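Both complexes below contain chain A, partnered by chain B and then by chain C.
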Partner chain A sequence: MATTKVPEVRDITRIERIGAHSHIRGLGLDDALEPRQVSQGLVGQLASRRAAGIILEMIKDGHIAGRAVLIAGQPGTGKTAIAMGIAQSLGPDTPFTALAGSEIFSLEMSKTEALSQAFRKAIGVRIKEETEIIEGEVVEIQIDRPATGTGAKAGKLTLKTTEMETIYDLGNKMIDSLSKEKVQAGDVITIDKATGKISKLGRSFTRARDYDAMGAQTQFVQCPEGELQKRKEVVHTVSLHEIDVINSRTQGFLALFSGDTGEIKSEVREQINAKVCEWREEGKAEIIPGVLFIDEVHVLDIECFSFLNRALESDLSPVVIMATNRGITRIRGTNYTSPHGIPIDLLDRLLIIATSPYTEKETRQILKIRCEEEDVELSEEAHTVLTRIGMETSLRYAIQLISTAGLVCRKRKGTEVQVEDIKRVYSLFLDEARSSQYMKEYQDSFLFNETQTPAMDTS
Partner chain B sequence: MDGESQRILEYLTEVEEAAEDVLTTKQQIVDLDSKRNRNREALNALKHEVSDTEKVKVCFGNMFIKFPKVKTTEMIQKDQEQLDKEINDLRKGLKAKVNHLNEIQGKPELRGYHLSPLSTDEIKAINSVLKR
Partner chain C sequence: MAVQSWIDILKSSKKTALIHDGKRKVHYLFTDGKEMSEEYDLKTDELIVRKWRLKNTLGGQGQWQAEVGEHLAGPVTSLDSDGLRENCSNPVFMRKDTKTSFQWRIRNLSYPKEVFSVSVEPTERCIIIKTSNKKYYKKFSVPDLDRSQLPLDSSALSFTHANNTLIVSYKKPNEILTLERELLKELKKLKGTCDGDVDCKTQ
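Moving on to the complex of A and B:
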């Protein structure tokens, strides 16, 4: 094949903002989908968790695809936590793609390309590979080389399993690949029947002796059981995006078009769609609609929203979960305002789950869970003080104080965080309200102050 | 209470029967494969070690019969085809039996169990994704 310059397809980088939500293991629902007050790292938000649970069940059963869900609520009310919970309970088999709204803005790729890639990453295709292999332990290997050094070699290979033993006559090619793999008596090997590829699985246990001098990479395995000639079936799950990528890189397979931008041509995508649908009809593939989670969805602009509208209608579409903390605000790229900063026509297609602020008791619980997660011991009084701080300022601020207070406590060689440690970090780090207060007091001494120099417009 | 234990007993019998069925089929495949390998050895031996005109001694039950080589080869080859077919059928049946066993034990169905495999060309094309 001629060496053509193959363009690298750039993937959008996926950043999981897991740090703040590393304690979440699931949605914390019982078998009847009733939410438990505190479970799997989630606290409170019973109504929204139950709603998320119903959606989760529908996703698992494959009943819904191409739908969208919006999780809306004030900042710090557990929107991302619920989405993480859904991701954790879906299990490893259902594709889950998380994306922060701002990730789609890039100079290398158009917004819609980034969005389509994210969409296609969230769709899995399950396929099966079937191979006939010969698997056994080498009992004896005998190779006759002609005295002249050249010419045809002949040989015999004896393989056994726990049930049977047999002799194979070896041709020239097999002898070459056997000596290349350095197969000896006592090795357990597999031979792929279709390609003749030999792979070593390890050495048989029965051949292990005391004081064997072996390399560290030598593995000991049991002698295989059952028949020698086996059929192996392997099920793989790949995402549509991965299939897109190979086909925009390589030639062959499905008659390709490779462009010279870092984007995947829509022709390639259409071909892949057609091929996958063909596979599905032949029973060769199953399509698993996964979940695409777009955090901070209000930073998308009107073009993205109209793309979303259309993409949701496609028959290969995942379940899209969006989260936003905005109220009625301007839609990006327009002068119109709309609830959640999302156009009404898209909003109409969404199932909306609302989250509500945490109560004092719930805040206390969350702080306790985070303390365990961050390995910080908290005294009873300090816990009460921190809960008050969490109620009066914000939950995020209180959570941030946990690890900083933990550090202060360790510095004075204490084992348990006391009220003094909390007080110290509270005086060191300002919360949002105190910071704005400070601004108001000292605004005159800051640069580019709007009240002072209205002529300076930085935007 | 008696009816209850009766029902449990019936259920357990059903499970045991299904499991036994799976095991027998597996053993049958092993036996057939061992026969297949012995036939293959015989074919190889006939090809390399005996000249075409010579007659060979073939063992039928407890009797050795002299037979022309070509005929013997033909006979074994036919047997071989028959064996291949039988093993294939047993494997197909085994899948259904394992599925049935899983079902009555209340285990979830295996993922992708009913898929038909991709062809070698298709697998080759996707391989770069699979072998990560």
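Moving on to the complex of A and C:
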């Protein structure tokens, strides 16, 4: 059989954009939960990382619900980085929901509703579901490409079992994934009908020839028996919020028109809680408490805090991690001041992890890691200068200078960022302290400054 | 006894009837959330369509599944969104009952009659259609018998082949016949609103 040469399907590699915390891959702890000085993108903060490691173990065990942790520290001391580290070490199976404190203020939804949705997004349920799969040996794949090279492709796939044979029409997406998996006649494959996922099980025994060239990992399997379409149980994880949404949709054809779900009735939630508990007792489902991370928690107001107090007591509550960079400040919505802007009764329920400012050595390390992440080469002197800048202004400002200096360096066709490049961007971009200084000096010449001058005497 | 329990379930369900297009359409809502919809011919009282809709595990609404009659031609989905679709030249399986027997028709089977063999598998409670040329194979159960927990009997089974169609018939046992008569009497008592839009109480 003459096979036409199939052009290789280009692998679509996702281009990862570099974010503020994209260098973090974990908490950098060893098996005994002892933090390593520099590991997985994190530097220093040994005590807080060890504390986070203990919290992480607690979450992984999954027995403890409704605990809350507060990460407090000055700006730029790695609070969000530690939370990201926890998220990375938890892996994809444990739900991790991150939100900024301001996200709960919406005109469409009450604050407590937004918080309950966030809480429920952070609880996973592993459940078995039946799906339809097609399992068979490929007899023939026929793909027609238009002569012009572009346009829709059409294809046919013939599958068989020991008892029957069926022809399928293929859509464009299926043709692409079939050629990506390099499916050939004689392969035994399964296709998940709902998702369209193809998996190769191996080659059929009937196609085994003595002198065929094939890789060592080629497996031979029997041709499947019986019907082509089978029902199979699969396990997958959904969040409680997703179950809420499915059950709160308007029934019937009106469901087509209701876009967002808005507020979910508390009766629906209660029903689902009862159902999930029932499933758990029957062994059909397993509850995975996840993590809810609320950044900038001081922007929440007193109503949210009292809701949190209550919500943390529910047994279907995730581990809540909050972060704030405030000291003693006013609690939003009241005239009282409190540490971190959080009421004392909630603070009392929290485990507090403190982060401390980085030392010069640590700043140097972090800058080095960021240089690698942003693909910028730094000369030794430039590195020292940048570290000085980082210590005197802020770590964030120093990190901002890395890519800008890298660009300046590339413009003068250099390969390594020199002190001059750093100097140049340092003079081009102001840091926060110099900007404030400038403001103070030239305050009078800015717009709307005239209102500050004493009003003219009109009487 | 088992026959009785199915009747009781039917009786306890919420029913809405509607007469439209020369068909008596009945919608049942069972206590466990399942929905069943039936259509009967007004003149002959023959069952034309029976379909089911179940809630899926997470509580969402599933699609209608035809037990009797043709699959609904739902909104035409493009091949690109589905990715994969059975070619129209493949055999089409559907059930179409007569007064005295359950009947299944499989169209697009152009092989001679000798190729087919139809047998009953009493342990698995299903009927199996096989082909000696290994082109078609189908294993299916008889939901009516399952619901009433009646045994499958190989002597009630027969099949013919004509016009590219294989017709498999299974003679309805007496229990089923009386059940269907009773149900029909019950349904006729439901006052079916004639034509026009009606509020479906059960939905």
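One rule holds for everything that comes next: the second predicted complex is superposed on the first by the 313 of 459 C-alpha atoms of A that agree within 3 Å, B and C clash if a C-alpha of one lies under 4 Å from a C-alpha of the other, contacts with A are read in each partner's own complex, and residues count from 1 in each chain.
Please note the rule applied: contacts are C-beta pairs under 8 Å (C-beta built on N, C-alpha and C of every residue); 3 or more make two chains touch, one makes a residue touch a chain.
Because the structure is a prediction, the values reported are computed rather than measured.
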Which partner does A:164 reach: the first (chain B), the second (chain C), both, or neither? both
By the touch definition at the top of the document, which applies to A:93: first (chain B), second (chain C), both, or neither? first
Partner chain in contact with A:174 - chain B first, chain C second, else both or neither: second
Which partner does A:126 reach: the first (chain B), the second (chain C), both, or neither? first
Considering only the touch criterion stated at the top, classify A:233 as touching first (chain B), second (chain C), both, or neither. first
For A:191 in the superposed arrangement: first (chain B), second (chain C), both or neither? second
Could you say whether A:283 touches chain B, chain C, both of them, or neither, answering first, second, both or neither? first
Counting only touches as set out at the top, which of chain B and chain C does A:243 meet: first, second, both, neither? both
Common ground on chain A, meaning residues reached by chain C in one complex and by chain B in the other: 127-130, 163-164, 166-167, 169, 226-227, 238, 242-243, 246, 252
In their shared complex, at which residues does chain A touch chain C? 127-130, 134, 152, 156-157, 160-174, 191, 193, 196, 226-227, 238, 242-243, 246-247, 249, 251-252, 272, 275
Taking the touch rule as given, give the residues of chain C at its contact with chain A in the complex, in rising order. 56-61, 78-87, 89-90, 130-131, 134-139, 203
Complex interface listing, chain A residues touching chain B: 93, 126-130, 163-164, 166-167, 169, 194, 226-229, 231, 233, 235-236, 238, 242-243, 245-246, 250, 252-254, 279, 282-286
In the complex with chain A, residue positions of chain B that touch it: 26, 29-30, 32-34, 36-38, 40-41, 44, 48, 91, 111-112, 114-118, 120-123, 125-126, 128-130
